[in-house]
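These are the structures in question, set out in turn.
Across the two complexes that follow, chain A remains constant while its partner is chain B and subsequently chain C.
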Partner chain A sequence: MSTTGSRAAALVPAFTAPDVRVTRSRRSTVWVAAVAVVLVAVLAYLPYLVYSGTTSLLVNVFILMIMASMWNLLAGYAGLVSVGQQGFVGIGAYAVVVFAQHGVDVFVALPLAMLVSGIVGIPVWWLLRRLRTAYFAIASWVVASVLAAIVTSISSLGSGTGISLLPYLNFSATLLGAITYWAALTVLVAALAAGYLLLRGRGGLVLTAVRDDEIAARSAGGRVGRVQRLVFVVAAIGCGGAGALLAISQIFVQGSNVFNVSWSAEMIFATIIGGIGSIEGPIIGAIIYYVIYETLGNYGTWYFIVLGVIAMAVAIWARRGLWGLVADRFNIRIFPVGYYLWPRADMVPAASVPPGPVPGTPVPPPAAPAASPSPAGEELGADGG
Partner chain B sequence: MTALLELDRITKRFGSVVVADGLSLAVGAGDIVGIVGPNGAGKTSLFGLIGGDLAPNSGEVRLEGRPVTRLDASARCRLGIGRTYQVPRPFVDMTVFENVLMAAQQGGGQRRRLSYARAAAVLERTGLGNDANVPAGRLGLLSRKRLEMARALATAPRLLLLDEVAGGLTDPEVAELVTIVTSVRDEGVAVLWIEHVLRALTASVPRLICLAGGSFIGDGAPAEVLAEPAVREVFLGTEVTTSLAGLAGEAAREDA
Partner chain C sequence: MIWVNDIIQGILLGGLYALFACGLSLMFGVMKVINLAHGDLAVVAAYVALGVIALTHIPGVWSFVLVVPIMAVGGYFLQRTLIQASLERGTITTLLVTFGLSIVIETVLLQFLSANSHGIPDGSFGTASFSIGSQISIGWLDLIILVVAVTVLLVLQFYLSRSRNGRLIRAVADDREAAQLAGADYRHIFGIAAAIALGTVALAGVAYFGMYSQFDPTIGTGQLLLYAFEVVVIGGLGSLWGTLAGGIVLGVVQQIGAQIGGAAHPDYQFLAGQLVFLAVLVVLPQGLTGIRRTA
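Take a look at the complex of A and B:
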């Protein structure tokens, strides 16, 4: 175990620190990581097993998962309720076209398009940064509309009628479908990993705090503006990636499609029903959305009625979405982003406590901070798990 | 020697309502100053102006001689101003430990194990040790008030702004909080303390300020301030008057 107590006491004389052990979740999550790796491996192997109809459906599911995860970071954590993410979807899609026109392979253009979308996100954030809630929502929509108006006025990009990527694709249909699927899977894994690392890092606590109370987060010293900007740019990159994937999978880019506000509606729906404010929620929500779409999509009006009823039911009875219900009932978290402070009694058998400060007793400040002894293994002690 | 906190003719208006009318104030390191005043006197706004939630229309706020008027609440917190809110604002879906850890890492500027140790120590000190892994949203009022204090302390403040931490609590609960506050002061942290529960305040502060209509109308030893005609007039007609008189008498007897 650690003797952080003596060090902390040396630096902060006003406090006598108890011996502490903190892990990122109460239970080990190694098996979860193993399952995730297996799942991604199976998904990666899928094009060899199933018809292209299935993989192209999954591409759409992945795209929605990417979008919803990004919207969840924005609205579920950073407190930024955007209905303008279609602006970045459109930028990503058209960026692929521009790169393709300049002789860049579309799958090389994909990450470049994400980069472009992220760069566009910086000035957009500068415009929106002082706004919150409904004002932020409306302003983000306006910005998206302006981006759409600018892009669809460029004649080399087909103006409003759209433009085909077909001349730039030198793949057989089967191969194109498989590579598109792998690209979508890659972007999805990257998007989820980015979200996870954001929340697990030091900024994660700030983001989670902002989710609950932005003013209190500032008063506790949180660099709120900094994490919000980071999240906004990450969401721009992610939504740009989703747009680029749309362009490649549909082989045709039209402004009224890629810049459509319905993308924001879909990502909001998937996030809300799945569970806003958790990494797992948007994934679940996107799956549910496509299950409903596949079973009821042909019934027209009924499809929308079912979507509406589900959205209302979740809003009334399950404010934290379906994942929220599951997580609370069974007390599970797939992504360990929290901090668990171990009660002292549960920490270690008494015999293995190193000589030094006894837990619970005040630690006398050492003569000099440098003199405080650090037994080997301390580095692992407090953060293990 | 420069005071820890200086307010220099701070004025703040909301439309035609003046919540701070050219307020000037100096608080030294380790001072503990009580602030009283009727509802709407501008007490919480004063904390907003010091803590950075509110920007003044004119005037300057200085921390150790350095102007902080243009800094936001986050930056001021990192410079050493910790505050609590009258109506507690816990991060409800985070655990108690995470609430305090966030403050220790951001406001207190500590990383990793040092921040863990500090957060755990603050929880012990504020009596929240057993609730460390409980979501803050499940806490009752007393624990929420403690959490407000714990979060402010975790930022390692040099100036602590307490906004009615004793409001709504029973006498023994108030006594516990007072013990914590005085021990914090004993470590050299300056405390500005707004309280409606005058008993908690007058017993533990050597200096009391009365705020009314955005102006300071009394500043000095509690007994003297509460005996001043202007202060009594402000409270006149409220139920506080009688208890004020009683407290002034008590304080006078203690002084004698």
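Take a look at the complex of A and C:
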């Protein structure tokens, strides 16, 4: 693209207004939004239709989707490979316990726990902000185990033996299951919306650039540090929410469980298999995770071995995961966060599409390839690893 | 006097930590790979040692004679297959693949060998000690392990600076393309470096689980990898003597933490090391001996 641009610039001495129209998607996204609304509505109605076994399984699926989406924002976009997100899972879970002990309803405590987790995320980011790759991974892991050591040494939280939420849950079992399910669905929708808006907004362009090359993004003037901090805190809030949901759905909180590094393993495996660097990937990965879990659940920990081996193979041979394969093959984007440039000659009547500058639009090349619309932002260095 | 004893025990432990970490440091220095499965490979070495002892009935402390070459050969093949494939695809892929490997090793060991703790039998020699004054008691085996650790670091230093393969390893670490133009097969050299790394980690694993600690499948990810990385960071990457210094700092700090925590807070031992590690990352990111700019 740059060579075409520079050659064209050489032919046309003065820079004229670009003859392109910019859209976020190749097709209209109205039907995608409609399907999404219907899907969420159906999922919300589900507790009236199915047994509680199904909804409690779905709660676990939603929790993994939340965690994986958060890890994907960190590693897939912000270039921060964290192996320490279990620290925030544990903080979220124990925060619910603390609020419940002070008389707060657990479902009111859920958003408060997310807030606490986000607040804890700020000093942690300050500690980790200059580290990258393996340093960041292991330092975040160490921070998580320090958080675990601090929290599990507090005797009012049951020290290492754990603590039950049962005294604070004044619901019938059915109602508790249903409300937990709705809470999990709400947090999931909020997490996906947050990730989507983050990537659609001004910071999204910086994040996509960081995904492809952090140093280049910095030298192009992107405010990389600020966006990375935002993503880190958002991921802390999301993982805190997942931990709080975990506490409520399991009714029992134990440090060696909620602070376990296997949460990081789960979110990493799900994200890699589904497709790192896309919003759709972690969702699909979490579904695959539970399909394999349910299939091999009777054979001990084999499901986890199989998932780990698949994740390693995908990381090496299909780096954008299953969704990457599907999206490239059929050119689908459910969550369009890139940009498409359309030459004016092909422009459809202006009424159907709002023209005008989009915030954060990249400066398009003076002449876009004439024949076909060229997918710009989305395709640039799309092999995000 | 009790503090002097802690410092001496910390130094003895630190030699072993340095032995743990030198493989991690070597692999990072040569291949720019941080092997997140490093700790689990030490646990694998310990299980191999149990198998070797059961089959050959050699005394526990001598099992390393067979375990080290077995793990070294394994390391060569691991490097030539999985790690080579992932490092050709970038740093993040290497991290994710070695993390996956770590989790898979741990889960496989749990699935087949249960979560039971084991120890490598070290016989009566393991508890023999001599005393200085009334409060300081030094185990003979601890002292021998420190001497072995320092000797291994010396040999490794000598090997890297003088031998033909050592020169090749340094050449490939400095400039892979230039070394390849000069005729070095960098993949083979990487394999040799990984073999050395796994050989040292096997030696450290046998010594550590014979002397200081029981082992089970989960100890590799939770503790050993973090110890090794903490040693490397405290000491500064790419320097073998920095690794020794880092190991001793971590060992002494952990002993002091254990002394402060006492029986009521056994986890203060790990917490003390981790806090020092985080402090070094913030204040002195290049470590005690760091002169190289690290990524």
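Just so we're on the same page, the second predicted complex is superposed on the first by the 322 of 385 C-alpha atoms of A that agree within 3 Å, B and C clash if a C-alpha of one lies under 4 Å from a C-alpha of the other, contacts with A are read in each partner's own complex, and residues count from 1 in each chain.
Convention: a contact is a pair of C-beta atoms (placed from the backbone, for glycine too) under 8 Å apart; a residue touches a chain by one contact, two chains touch by 3 or more.
These numbers come from a predicted model, not from an experiment.
> After superposition on the shared chain, which partner residues are touched by A:269: those of chain B (first), chain C (second), both, or neither?
After superposition on chain A, A:269 lies in contact with chain C alone.
> Given the touch rule stated above, what does A:175 touch, chain B (first), chain C (second), both, or neither?
A:175: touches no partner chain.
> Just checking: does A:139 make contact with chain B only, chain C only, both, or neither of them? Give me first, second, both or neither.
A:139 sits against chain C, while chain B stays out of touch.
> Between chain B (first) and chain C (second), which does A:319 come into contact with in this model arrangement: first, second, both, or neither?
In the superposed model, A:319 contacts chain C only, not chain B.
> Which partner chains sit in contact with A:311 here, chain B, chain C, both or neither? Use first/second/both/neither.
second
> Chain C touches which residues of chain A in the complex?
It comes out as residues 75, 79, 81, 83, 127, 130-135, 137-139, 141-143, 145-146, 149, 153, 261-262, 265, 268-269, 272, 300-302, 304-305, 308-309, 311-312, 315-316, 319, 385.
> Contact residues on chain A for chain B in the complex?
2, 4-5, 7-8, 11-12, 14-18, 20, 22, 26, 202, 205-206, 208-209, 211-213, 215-225, 277, 338-341, 343, 382-383
> Residue numbers of chain B touching chain A in their complex, please.
51-53, 72-74, 77-78, 83, 85, 89-95, 97-99, 101-103, 105-109, 111-114, 116-125, 130, 132-133, 151-152, 154-156, 187-189
> If you look only at chain C, which of its residues touch chain A in the complex?
Against chain A, chain C makes touches at 28, 34, 36, 82, 85-86, 89-93, 95-97, 99-101, 103-104, 107-108, 110-111, 221-222, 225-226, 229-230, 233, 265, 267, 270-271, 274-275, 277-278, 281-282, 285, 294-295.
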